[in-house]
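Below, each structure is written out as structure tokens.
Two complexes come next, and they have one chain in common, chain A, joined by chain B in the first and chain C in the second.
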Partner chain A sequence: MDLREDGLVAVVKRDCPTCRLVEPVLAGLSRTGELTVFTQDDPAFPDGVADLRDDTELSASLALDIETVPTLVRFAGGVEAGRVVGWSRAQWTELTGVADLGEGLPEHRPGCGSRTLDPDVAEQLLVRTRGGALRSRRLEISALEDEAEALFDRGFTDGLPVVAPTPARVLRMLEGTSHAPDEVVAVVPPNLAEATVEKVAVNAVLAGCRPEYLPVVLAAVEAACTDEFNAHGLLATTWGAGPAIVVNGPVRAEIGMNWAGNALGQGNRANSTIGRALQLVIRNVGGGRPREVDRAALGHPGKVGFCFAEDEEGSPFEPLAQSRGVPAGRSAVTVFAAEGPRGVADQISRRPESLARSLALGLRGVVHPKLVRGFDATLVVCPEHARVFAEAGWDRARLQAALDEYLLLDRAEITRGAGGVDEGVPAGDSDRPLAKFRPGGLLIVHAGGGAGMFSAVIGGWAGGPGGSAPVTREVDPWR
Partner chain B sequence: MHDFVALEGRGVIATFLASTEFVEAADAQARALGYRAVPSVFVPHPIQDRTDAEVRALADAALEEVLARVVDVDQARGVD
Partner chain C sequence: MAVNGTGVRGPLVVLDPTDESAPDARTAIARPASLDGLRVGLLDISKPRGDVFLDRLAELLAERGVTVRRYAKPTFTKPMPPDLRREITTECDVVIEALAD
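Moving on, here comes the complex of A and B:
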């Protein structure tokens, strides 16, 4: 853009009544020889201006960061010395140094939106100005192809339709983070492919995320692609679990997540699409596809995506993330291996010991009622059950200790052959009871609607080394 | 399959061994890692509910084929 070092620059469009109003003012200022006018729509508008430039491509408007027309800018020594937005006789007079401007005009008149902000134009400009930062391979979809069908045909979906990741959508998604598109977030199994911020953004678009969800997705990808979480093993096992995400901290409310009624179900965009984005990253970046390296015998519907938030405000427990070392007030994700949830009803117990025993009975069925210590699990305590613990003064540690105690299983009941079932633990020399879960193998989360004495057990997968351990990562570093 | 690639990368001749249920998984992972073909032996599925004696019998039956894959370095080790 060739601008004068000293003088005035105005940006206008014919479509704006205020711009038409100031047309004679601009013509008058032009006679001083120090005015350049850029016009956004009609190259012949305004009349009577000597140095009139066609800015229908909007390059000058972008360079000048114009949001409203008319805008009048003064330059001095090549540097902006002041600007006025809309028409104001006093302000125009002060900026131009010309007295008695706009005789017969009103004192003030607001301007109109710059064409750079028109929705259709803004998208084109985004791609034109920042599209060069994208490195992903571009796919051309012919005019005869249906966009959604084309994405199914190319194998980018989990079986449900996806949002086409156009450059404009990916660029808008990338506005959700300050991180550079080419920064590597994680190495994604099973193919050990590098997932850049851009690749995660592409899959977040596919999944239907909004840009403000992206830091949560990035943190989830980071957490899932750790050795401890072992997403490769979780994918390749014939067991049906997949990655689930529980979100803690202020980001839950900022992006409108659901931790109340139907928290584990459908109907909330953030819950539904964040979990889906993680799974699409594993599929499209890592190459983890069902019936290829994903060897699940059955799988479960939550493998499309499984993400929810913890109800911290109504909880008798400290937030899960805090219990795992994240400072209070910070946002975090915890990823864990998850089957589908299974309800545990108890509508009678008003003593915490009785209720904890009920929940322990529900947990006992994880993997198999006669197997111990192999598999992890997550217990989602509903508000009506949490109330019983809150009234008794039980915190997370107290409930955990009670569950540990009630989940010491009598070896005679679970030995192979006991109860007429050949499955079970091998016969041993000791009569010592066996703990159902390994230390750290049971997560406790608080979520759900205010009515219903129904908590949920979410079975996991093989826990610990060789299997998968829950992993917590902060969200804020990805903003 | 990653172990196979890691061993071959260190110059250790290796063979991929799994049950027949994992033929397509092995193929998908091998291709993703740049291999057109990997010397492989697939024993009959299932595995998990076998007795120790049955597993030993499976291993004995597969041994000759495993050795052949390891010894015969000309057997397809195609890399894309």
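Moving on, here comes the complex of A and C:
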């Protein structure tokens, strides 16, 4: 594009009343021979300008980063020396050095939005200027196809409709991170395919995420694709658990997550779509599909996506992420193997010991009431239960220790055959009680609405090195 | 619905969310008519009682004069280590894998 080395450049459109107001001013300046006018809509506007350029393609407007018309820019030696936005007699006079501009015009008048910012145009411009950075294969959905049906047919969805990942939407999604689209986030099982930032963004669009959720999704993908989390095993097992995400730190409020009423349920866009985006990455990038490598006998509805935030503000406990080594004030995700949640009611206990024993009874049912140490679990303590612990001065470690104690199970009760149930632990040569969970196999999170003495148990899967261990990763590095 | 620069509706362009790997066109090799002269491996994926099944299979194969090599994955929850896969492919013509519980 041919911009002036020296002189004035104006950008206008006929659709703008202020541009029409300054039409005679521009004609007057044109006679000095140092004015070029770029017009965004009507190539014949304004009248009386000698060096009038058609900018209906908006290339000059983009290059000049025009947000408002009219904008008058002065160049000196090929460098911008000043600009005025809208009409102001004083400012135009100062910039042009021409006295008595715009006789009969008001002293000032604000301009109008540049066409580069029109929503329909902005999308095309985004793709035109930055679409070259995208590497994903482009697929065409013909005008005769229904877009939602076409995306189902191509196997990209989890059974619910998805948002079409157009280049413009993916580019807007990528604005949620400073990372380059081609940076590899993780190697995704089961196919061990590299997920780039762009591929994660494509799947985040499918899932319905907003761009500001993308760093959380990227951190979740990073966490889920570690050897410790073992997403391959979690996917391939016939057990029904899937990956869940709990979010800590300032990002929760920044993106409007829910940690209060119905925290584990539907209705919050960030909660619903972040978990879904992770599952779609595993499905689409990793190739992990139900009834293929995903061998779950039953599965559960949260396998569409399971993500919630911890209530840190109302919690008697140190936030989960901090208890796992993330510095205070930083945002993080913790991924863990999760079945669907099941409520544990206790509306009577006001002593922490009694309540902890109640919750331990609820946890005992994980995998099977007579099996121990194989499976992990997560306990979501609701605010009304947390209050009992808070009033007694119990912190996270105190509750954890109490649960460990109350979950030492009497071998006689859980041996195979005991209680008329053949399932159970093999008879041993010791009668020492057995711990329900391995050390580190029980996560405690605080979330939920202010009313209801109903906490929740989320069963997991085989814990530790032979299965899946919870993994925490910071969000901020992905911003 | 996409509108191109001329205002005419054209195809909607979307970006492929997958790893774009071509479909794996490999097919299973033909099942051998007989095990005579073939090197047979028995792979225990380390699920409980898989060894019971494979022990019996080894007995039955021995009755037919077929000797076997035994292999085991460290854990059924994770993919086979590449070294073990290479070992099996160089030492066996046929592998029988036990899934059990």
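In the analysis below, the second predicted complex is superposed on the first by the 479 of 479 C-alpha atoms of A that agree within 3 Å, B and C clash if a C-alpha of one lies under 4 Å from a C-alpha of the other, contacts with A are read in each partner's own complex, and residues count from 1 in each chain.
Criterion: a contact is a pair of C-beta atoms (placed from the backbone, for glycine too) under 8 Å apart; a residue touches a chain by one contact, two chains touch by 3 or more.
What you see is a predicted model; the values in this text were computed from it and never measured.
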Clash-or-fit label for the pair chain B, chain C on chain A: clash
First, second, both or neither for A:F156, with chain B first and chain C second: second
Which superposed partner A:L371 touches (first chain B, second chain C, both, neither): neither
Comparing the two partners chain B and chain C, which touches a greater set of residues in chain A: C
Which of chain B and chain C A:V293 touches, first, second, both or neither: first
Chain B versus chain C as contact partner of A:A164, first or second or both or neither: second
Which of chain B and chain C A:N191 touches, first, second, both or neither: both
Chain A positions touched by chain B in one structure and by chain C in the second: 190-191, 232, 236, 287
Chain A partner contacts - residues on chain B that touch it in the complex: 2, 21-22, 24-25, 28-29, 32-33
In the complex, chain A residues that touch chain B: 190-192, 232, 236, 287, 289, 291-293, 295
Parts of chain A lying in touch with chain C, wherever the complex brings them together: 124, 134, 136-143, 147, 151, 156, 164-167, 170, 188-191, 193-194, 198-199, 202-203, 206, 230, 232-233, 236-237, 280, 284-287, 462, 466-467
For the chain C and chain A complex, residues of the former touching the latter: 1-2, 5, 9-21, 75, 77-79
